[in-house]
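Lettered A, B, C and D in written order, each chain numbered from 1.
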Amino acid sequence: MSQFLQATIYGLLQGGLLALIAVGFSLVWGVMNVVNLAHGSFVILGAYIGWKLNSAMGLDPFLGMLVAAVVLFAVGYVLQRWLINLVINGPIFITLLLTFGLDLLIVQGMNIAFSADYRSIKTSYAGDSLALGSVRVPVGRLLAFVIAVIVTFALVALVNRTRTGLSIMATGMDRGAARLMGIRARHAYALTFAIAAALAGMAGTMVGTVGTFNPAAAGGFTLLSFVIAVLGGLGNMYGALVGGLLIGLVEAWGGQYLPGTWVNALAFAVLVLVLIFRPSGLVGRAYYAARQEV
Amino acid sequence: MGSPATGRHTATDEARGTRADATEIVGSSRSAHEPVWRRWLPWGLLVLGALVMLGLQSQLYSGQERTVSAIFMFVALAQGWNIIGGFTGYASFGQVVFFGLGGYFTAVAMSHWGLNFWVSLAASGVVAALFGVLIGLPLLRLKGHYFAIATLGVAEGMREVVNNVPGLTGGGAGISIPTVGNQATTHYLGNDGFYLLYLVLALLAVAVGMLVSRNKFGFALRAIHQDEDAAAAVGINTTRAKVAAFALSGLLTGLVGSTYAFQQVTIFPERLFDVDITVLMVVMVVIGGSGTVLGPLLGAVALQYLSEWLRQNFTEVHTFILGGIIIAAVILLPQGAVNYVREARQSGEWSLLANVRRYRL
Amino acid sequence: MKPQPKSVSVVAVIAASALLAAGCGSKGEKTSTEGAGKSGTLAIGASMSLTGKLAREGELTKEGYQLCQDKVNAKGGADIGGKKVKLDIQFQDDTSKPDTAAQLVDQFNDKGVKLILSSYGSANTEAQAAVIERNGQVMADSAGADNKIFEKGYKRTFAVLSPATEYAASIVKAIKELAQPQPKTVAILSADDGFSKTVAEGGAAAAKEAGYTVLPTQLFPNGTSDVSSALTKVKGQKPDVIIGSVHLVEGVAIVKQAKELGVVPSGGFGETVAPPTPDFAKTLGKDAENVLGSSQWTDSTKGSDKYFGSAKDYAKDINAKYGHAPDYHDAEASAACLALVMAAEKAGSTDADKVRDALAGLDTESFFGHIKFNDKGQNVYKPMSVIQVQGGKAVTVWPTDSAEAKMIWPGTKK
Amino acid sequence: MSSAPVLETKGLGRRFGGLKAVDDVSFSVPEGEVLGVIGPNGAGKSTFINLVTGHIKPTSGHVLIEGQDMTGAKPWAIAHAGVARTFQIVKPFRGMSVRENVAVGILYGRKGVARMSQALEQADEVLKEVGLGSLGDRAPGGLSVADARRLEFAKALALRPRLLLLDEVMAGLRHSEIEPSLELIKELKSRGLTIIVVEHVMKAILAISDQVLVLHQGKVLTSGDPRTVLSDPRVIEAYLGQRYVQRRERGES
């Protein structure tokens, strides 16, 4: 029993962090129909920023992540405004390829800049854990989880309540109309991408605090973002949260009760099944029909 | 799809270019009476190319043969992907699953069931094709990115399955095909043999591409690519056509995977289901010109040659450079080299910068 | 302009007949070694994982090979048949992919380069070994430890390092010999790649032999930084010792998450190759204390040779050249290169077959310890060292004759 | 030739979430007649067409083609049963020439032709019928609005249909351009083709329809002979508005 509880807690905490990673990915996909294969590399880049700040000037990662967010916001804005926008109207594999190329560049860049060594951001407290009976709740992960959830809700608020957010949504739904309403699509897109990158960077710093990372780890996060975004329904930010928690739990439980490493197959099985039976995601409806009516 | 609900979707879809490439180029417009030589020219060139490649072989060192074989391999893979991704417009990002399936089927058949390679090769192709039908039926109902992601999920999942049945596949430790001693069911072909085999596969793939690009079936695929509703409305059984296309591309990819496994002797899930292989296929097709036969051919040769050259001359930073090149190519030639030239010849507009405007926001 | 089909077929027929005359098949390969780099040098081919997921280890391996070349050439080169020949190691990147690694071996063969230094990791090495065998080249293996490679009857691949089965087993042996109080139950956690699994099997076997209760091995994905489920599974069974058959990343994860999850074995942790890596202590800080690890080599390894001197000297050289404490990957690589050089000297020739025979008969001391191969091509004659992280650095605690410090036990008592 | 009407629907309906786009529509079109379907925007005209052609599955009711129940059949099955359609937003196959656009229909239509060259020949004939004879080699992207609509026509005729559904083929055309299309429709009718015309252009409806069906909020408001239907106050109120009536009265007096 306590084994189950422990797995559940751990899964939820992990899931919260995954959600924060995926929510931006989902937003970008939903609003401008770009699947950003470089998303994972943003996460790792954020991790390195947090790590540098920590090892060089002893800045606490939970503050460092703010810097990471700012830096990646800038990076994201520039990339979208002056690069991705150039092919945004192309067929899907054009944007897929472009972001794949970006991924190669960033990952290799990090390899050259920071070497492929495994890093981890050291704090005095992140490793400790609160004991609730037989179950342990790791402080670092708990903190990361709380922040992740807060940020996700903040993002939802931003998008649904503020003018900026609405302009983004409007552009996502119908660019032509949005333009008529005087919204600068280029800017709105760049903003969207910047926000996604910033969140990824934040999450990255926390990933680096609770875990270990090196440039090669980027791909894994991109893949998870896929799964979560689809589970939650594209552009559906609450969906991303739910999807994240779900994947966290599925992996924790799967790891607990499946032999070998079948758990790895599990996430993808879930992905494919959801796509087949509920392609618009588990939560609400996605942005546009996933299926041919025919 | 004129209903209030779906109506909005299609509208936005078109605005966002969800439907795969809707290029304005008209392929060599065919009239009812096409001169005979024009119809046979491509085949003549194909035969010629084959002979040249055979001639080339006698000029290569054994290891160079292997390097060239790799190019042939990617020509075949690119042509395979082009059938589903290029002609039909369904971006399969899990294409490598057929590669892995073909490879592992061959490895298992040869090491466990003692089948000889040639039987295994044929069987691998069939298995891959059947798998294509199996996953195609549910997944080909998905559009755009959804299809891409779903296929990716299948490929990644399949790798994990292979990882988790070590009894059959050797799991992460890999599986070896007996090539020496009495367990060896087929004598190892050596670099000479594999050069020829890969050449045959490449020629086969190109030939299939040429047929598809001009026959009735190919017409259906192109129609689906352009507008699936309209295609269905003119009597094309879109489901059947799409699944057939997926199976066909799976078949070709499976054959290559099978050959690859035998050539490598020992294979590992990580490599046989490596998403990089899929991405390479896509890059080659897109850069060359998707939906054409020449495009993937050129794309594969150029990119494989280039990456090999970079690797040998920029040992430390070649992937970095490759990334840059891909970005540049995608931005300057989003429609692919062949389509660009074709288009430019029609419009007389050769400026690459003008070309960039094509998909710009 | 556009040829008529007739003319095409004509061309075809001509070309075809020309071919039949020429006959198919390739030129084979350069037979003489004059293509092998500048004359007066000994060309050695090395395919490295400089990019891709093995980039880190690949880089270290390259350092090792590079240092070997510098050292040998500093002495004017290898003494082959009475004349000094400088080493010329040609590095190529195999992007951590077995097929590329194998292809590189073939490409070296074209250039007449017959002596090969292996890439990093068992997958790459295994792929290379097959080609080496076909081409009649010879390879010194610096990092492919999986026993599987050596069960195939290959005659031309020689690994200077101890086989995979020793990695965890040596930790068990050390505990059996030194630990007071003796543990009762041992839990083994393993990454799911072939090498790690072989390591785990070896460890389990040794533990059973030592009379410990061995819990079923728990697997987790190779390269993951989340091993919580494996830990949660064993937590309930209260093992006295947790041995991880891991690489650095999973090794770090085990310690980190064991703390998070309050998994505290009464005895301690063993982590095979993770703790010897400086990064391990760097990353984990005080949590790394007292964790046991096994290493192919430490700077207290016994033995010396004319090129590198003792292990201590080697450590100095690495530090001087690359500014970091030597990683055992450095040493493995240098040792492989050294073995190749010594064999060539012993054979008094650079001919692949002669070098191959010399390697088979090689029996020498070195900074890396004893180098001698069994008939499978594995170096089973040198023990692995067991190290323990003490005061932030890895010190050798076993075998006792080369121990730098006493093993602290139980390691979890802080 | 079966005596059954070419097309008959029984209680046909489709709901999207809460909204009933088409609700309980029953009617039939006898062979050789032209049925005009009118109704304000969002009345469900296009959805209705899509239900008949199988592009959208009905949530209730039945579609019978020549007496045979084809409810929920796939579009290609419907096409093979002899029903051809045009799309409100023209959907040419952009990668192909105008000729090839038509050839597709000939290859896969009711009497599916196997040989490419044969299909291309027949395509040229169809193009002549609709007055695009000279444009076979053009890219559909380069066509004028009117020609694009003609192409849409040609693609449908390529199927050699028994029943033709025209979804606002005249929307956005200039008067001068409307005439030829009307002529074409009349000519097709005279060849015994059954036709359903969804239109806003009253003039057209009056000119060619034997029967008119008025849809309002997804339901059938009324149907019957054009003039009586168009003078029905409910129709006028729901759709045409007062001014039209006044104009007609002035015209008569």
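The definition used in the following text is that a residue touches a chain if its C-beta (ideal position, glycine included) is under 8 Å from a C-beta of that chain, and two chains touch if they have at least 3 such contacts.
Note that the coordinates shown come from a computational prediction; the quantities given were computed from them, not determined experimentally.
Novice: In terms of CA centres, which chain lies closest to the overall middle?
Specialist: Smallest offset from the overall C-alpha mean is found for B.
Novice: Across all chain pairs, which one has the most C-beta contacts?
Specialist: Summing C-beta contacts for every pairing gives the maximum at A-B.
Novice: Rounded to the nearest whole Å, what is the centre-to-centre distance of subunit A and subunit B, using the mean of the C-alpha atoms as each centre?
Specialist: Taking the average C-alpha coordinate of subunit A and of subunit B, the gap between them is 30 Å.
Novice: How big is the gap, in whole Å, between where the Cα atoms of subunit B centre and where those of subunit D centre?
Specialist: About 41 Å, centre to centre.
Novice: Indicate the whole-number Å distance between the mean C-alpha point of subunit C and the mean C-alpha point of subunit D.
Specialist: Each chain reduced to its C-alpha mean, subunit C and subunit D end up 73 Å apart.
Novice: Roughly how far is subunit A from subunit D, going centre to centre by Cα mean, in whole Å?
Specialist: Here the centre of subunit D sits 48 Å away from the centre of subunit A.
Novice: Identify all positions of subunit C at which a residue touches two or more other chains, and write them in rising order.
Specialist: 51, 192
Novice: Can you list every residue of subunit A that touches 2 or more other chains, as numbers and ranges?
Specialist: In subunit A, the residues touching two or more other chains are 108, 260-261, 264, 293-294.
Novice: Residues of subunit D touching 2+ other chains?
Specialist: Residues 54-56, 74-75 of subunit D touch two or more partner chains.
Novice: Give the list of subunit B residues in touch with subunit A in this complex.
Specialist: 1, 6, 8-9, 11-13, 15-22, 85, 89, 91, 93, 138-139, 141-146, 148-150, 152-154, 156-157, 160-161, 163-164, 228-229, 232, 238, 275, 279, 282-283, 286, 290, 316-317, 319-320, 322-327, 330-331, 334, 356, 358-361
Novice: Please name which positions on subunit A make contact with subunit B in the complex.
Specialist: 29, 32-33, 35, 83, 85-94, 96-98, 100-105, 108-109, 112, 173-176, 185-186, 189, 219, 223, 226-227, 230, 260-262, 264-265, 268-269, 271-272, 275-276, 279, 287-294
Novice: Taking the touch rule as given, give the residues of subunit B at its contact with subunit D in the complex, in rising order.
Specialist: That would be residues 1-7, 22-27, 29-34, 214-216, 219-220, 222-223, 225-227, 229-239, 291 of subunit B.
Novice: If you look only at subunit A, which of its residues touch subunit C in the complex?
Specialist: 2-3, 6-7, 10, 14, 108, 111, 115-120, 122, 127-129, 131, 136, 138, 140-141, 210-214, 216-217, 251-252, 254-256, 260-261, 263-264
Novice: For subunit D, which residues are in contact with subunit B within the complex?
Specialist: Its residues touching subunit B are 14, 16-17, 19, 21, 42, 45-47, 49-50, 53-56, 74-76, 79-80, 84-85, 87-88, 91-97, 99-100, 103-105, 107-110, 112, 114, 116-117, 120-121, 124, 136-139, 141, 155-156, 158-159, 167.
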